[in-house]
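The block underneath contains the structure these notes are about, expressed in C-alpha cells.
The first chain written gets the first letter, and so on, giving A, B, C and D; residue counts start at 1 in each chain.
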Amino acid sequence: MTVAGQMLETYPKDLGGVDRDKLRECIEACVECAQACTACADACLSEDMVAELTKCIRTNLDCADVCDATGRVLSRRTGYDATLTRAVLEACAAACKACGDECGQHASMHEHCRVCAEACRRCERACRELIAALG
Amino acid sequence: MTVAGQMLETYPKDLGGVDRDKLRECIEACVECAQACTACADACLSEDMVAELTKCIRTNLDCADVCDATGRVLSRRTGYDATLTRAVLEACAAACKACGDECGQHASMHEHCRVCAEACRRCERACRELIAALG
Amino acid sequence: MTVAGQMLETYPKDLGGVDRDKLRECIEACVECAQACTACADACLSEDMVAELTKCIRTNLDCADVCDATGRVLSRRTGYDATLTRAVLEACAAACKACGDECGQHASMHEHCRVCAEACRRCERACRELIAALG
Amino acid sequence: MTVAGQMLETYPKDLGGVDRDKLRECIEACVECAQACTACADACLSEDMVAELTKCIRTNLDCADVCDATGRVLSRRTGYDATLTRAVLEACAAACKACGDECGQHASMHEHCRVCAEACRRCERACRELIAALG
C-alpha cells in the first residue's frame, strides 16, 4: 500500500462516509501531477524552442500549484467542509484540464509533455470522480 | 508602491484589459491572508484550549494553501486563462469564507483569530471583486 | 516506472552528471514525505490527546513545507546550481530528522506517527545520499 | 502595523527570546520575495528574448518556493527548533543570493529583474540578520 493509503488507514477518527478509494486515488493523482507539471515546466525551459512553449510553462506552473494545494486539502479530514472541498476540486479539475489540453498539443513533439498530459488527465478524472462521489 | 504593484507595472506585455488595481489588491490580499492563516493555525496550537480549536486550525491550514496557490496564479499574466482564473478565485473565496467564519467565532476570545478573520474577509472580498471585474 | 522517473527520462538535455537513481529516489521521497506529514498533522489534530501533540503537529507542518519546496527544486534541472541544491537538501534533511524524531516518540501510540516517521527517515536518508553523490 | 506584525503581537505564548523586529522583517521579506520571484519568472516568460532568460526563470522559481517555505516555518513559534530554523534560513539566504545575482545581471535591461533583485537582496539580508540574532 502507498504511504498515502497507509495515512488514510491510520486516521484515528471516522472518515465521514467518503469513498476511501476515490479519495486516495485523488490525493495520489494530485501529488503525482504537481510533480510532473513542475518537471514539465522545467523541461520546456530547456527546449530550444522555449519561445513557443511559454503558455505551456505557465499552465504547468499553475497546475502544479493548484494540485499541490488540492492534495493538501484532501489529505486533511478533521473538520471536513464539503463546500470548500468541492470548490477546490473544481479548481483542480479546471487546472488539470487546461494543462492536459496544452501539454497534449505538444505531446507528439515532446515526450515530457506527453507524460505530463497523461498525469493531468488522470488527475482531472480523479477530481471529477471524487466530486461525483461527494454526492 | 508595494513590490507586487511594481511587478505589475514592470510586466513587459499588455495586462490584457484586467483591472490592475483590483488585481494588485487581490494578489496582496492572498499573500497577506496566507501568512495570517499560517500564523493563526500556530497560535491556536499554543492555546491551552487547543482541543476546542482543531477545526479552526484545519480551516486555517486549508486557507493558507489555497491563498498561496491563488496569489501565485494571479501573479502570472502570460498565457492568461479566464476559466482557470475564475475557478481558482472561487475556491479562494470559499476558503476565505470558511476561515473567516470559523476564526470569527473565536475572535472575541483570541486576538489572533480576530486579526486572521479580518484578513480572510478582506481576501474573500478582493476575490469576489476581481471575479466581478473579470466580467 | 513512476511518473517522476519518466519525467527524468524525458528531460531533453543532459542531466549533468547527477546520479539519476539517487535523484529520482530523493524526489519521490520528498513528495511522499510532504504528503505523509500533512496527513499526520491532521491525524494528530483529531486525537483526543491533541494538547500533547502540538510540537508534533508543528514539526509535521514544517517538514511538509520544506519537503515540498525541496521536491520542486530537485525536479528542475535547467540552470543547475550546486550550492543552492546542497543548502536546500541540508534544510530538508534537518526537517526530516526533526520530524522523524518527534513522530518516532509517538510511534508506539499512534500508527499515523509510525508511518510518518518512516517516511521522514527515508526522506532524510535520500537527501543525505544525494548530498554525498553531489560530491 | 502589518498583519504579520499583528500576528506576532497576538501570539498567545512567549516568543522565546527571539528578536521580534528581525523576525517580523524576515517573515515580511520572505513573503514579498516569493511573490516578486513568481511574478518575475512570468515576466521573463513573456520577454521576446525568453531563450536567454531560462536560468533566470528557473532561479526565480526555486527562490519563490524556498522563500514560501521559509516564511511559513518562521510564522510558526510553537515547539520552536533552532537547528531547523537555522538550516531553513541558510537555504533561503542561498536561494535569494542566487536569484539576486541572476536577476541583477538583467536589471539594466529588464525592470522586473531590477525590482526582483532588490527584493531578493532584502530577503537575503533579513535571513542573515535573523541567523545572527539567533546567536
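In this text, a residue touches a chain if its C-beta (ideal position, glycine included) is under 8 Å from a C-beta of that chain, and two chains touch if they have at least 3 such contacts.
On a predicted model such as this, the values are computed, not experimentally measured, just so you know.
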Chains contacting each of subunit A and subunit C, listed by label: B, D
Furthest chain, CA centroid comparison against subunit B: C
Whole-Å gap between the CA centroids of subunit B and subunit D: 19
Centroid distance [mean C-alpha coordinates] between subunit C and subunit B, Å: 27
Junction residues of subunit D, two or more chains touched: 42, 45-46, 54, 58, 61, 68, 72, 76, 78
Subunit C - residues contacting subunit D, complex: 54-56, 58-59, 61-62, 65-66, 68-69, 72-73, 76, 78-79, 81, 83-84, 87-88, 90-91, 93-95, 98
Residue numbers on subunit A that touch subunit D, as the complex places them: 41-42, 45-46, 48, 50-51, 54, 57-58, 61
Subunit C to subunit A touching residues, read off their complex: 2-4, 6-13, 27, 31-32, 34-36, 38-40, 42-43, 45-47, 64, 68, 71-72, 75-78, 110-112, 114-116, 119
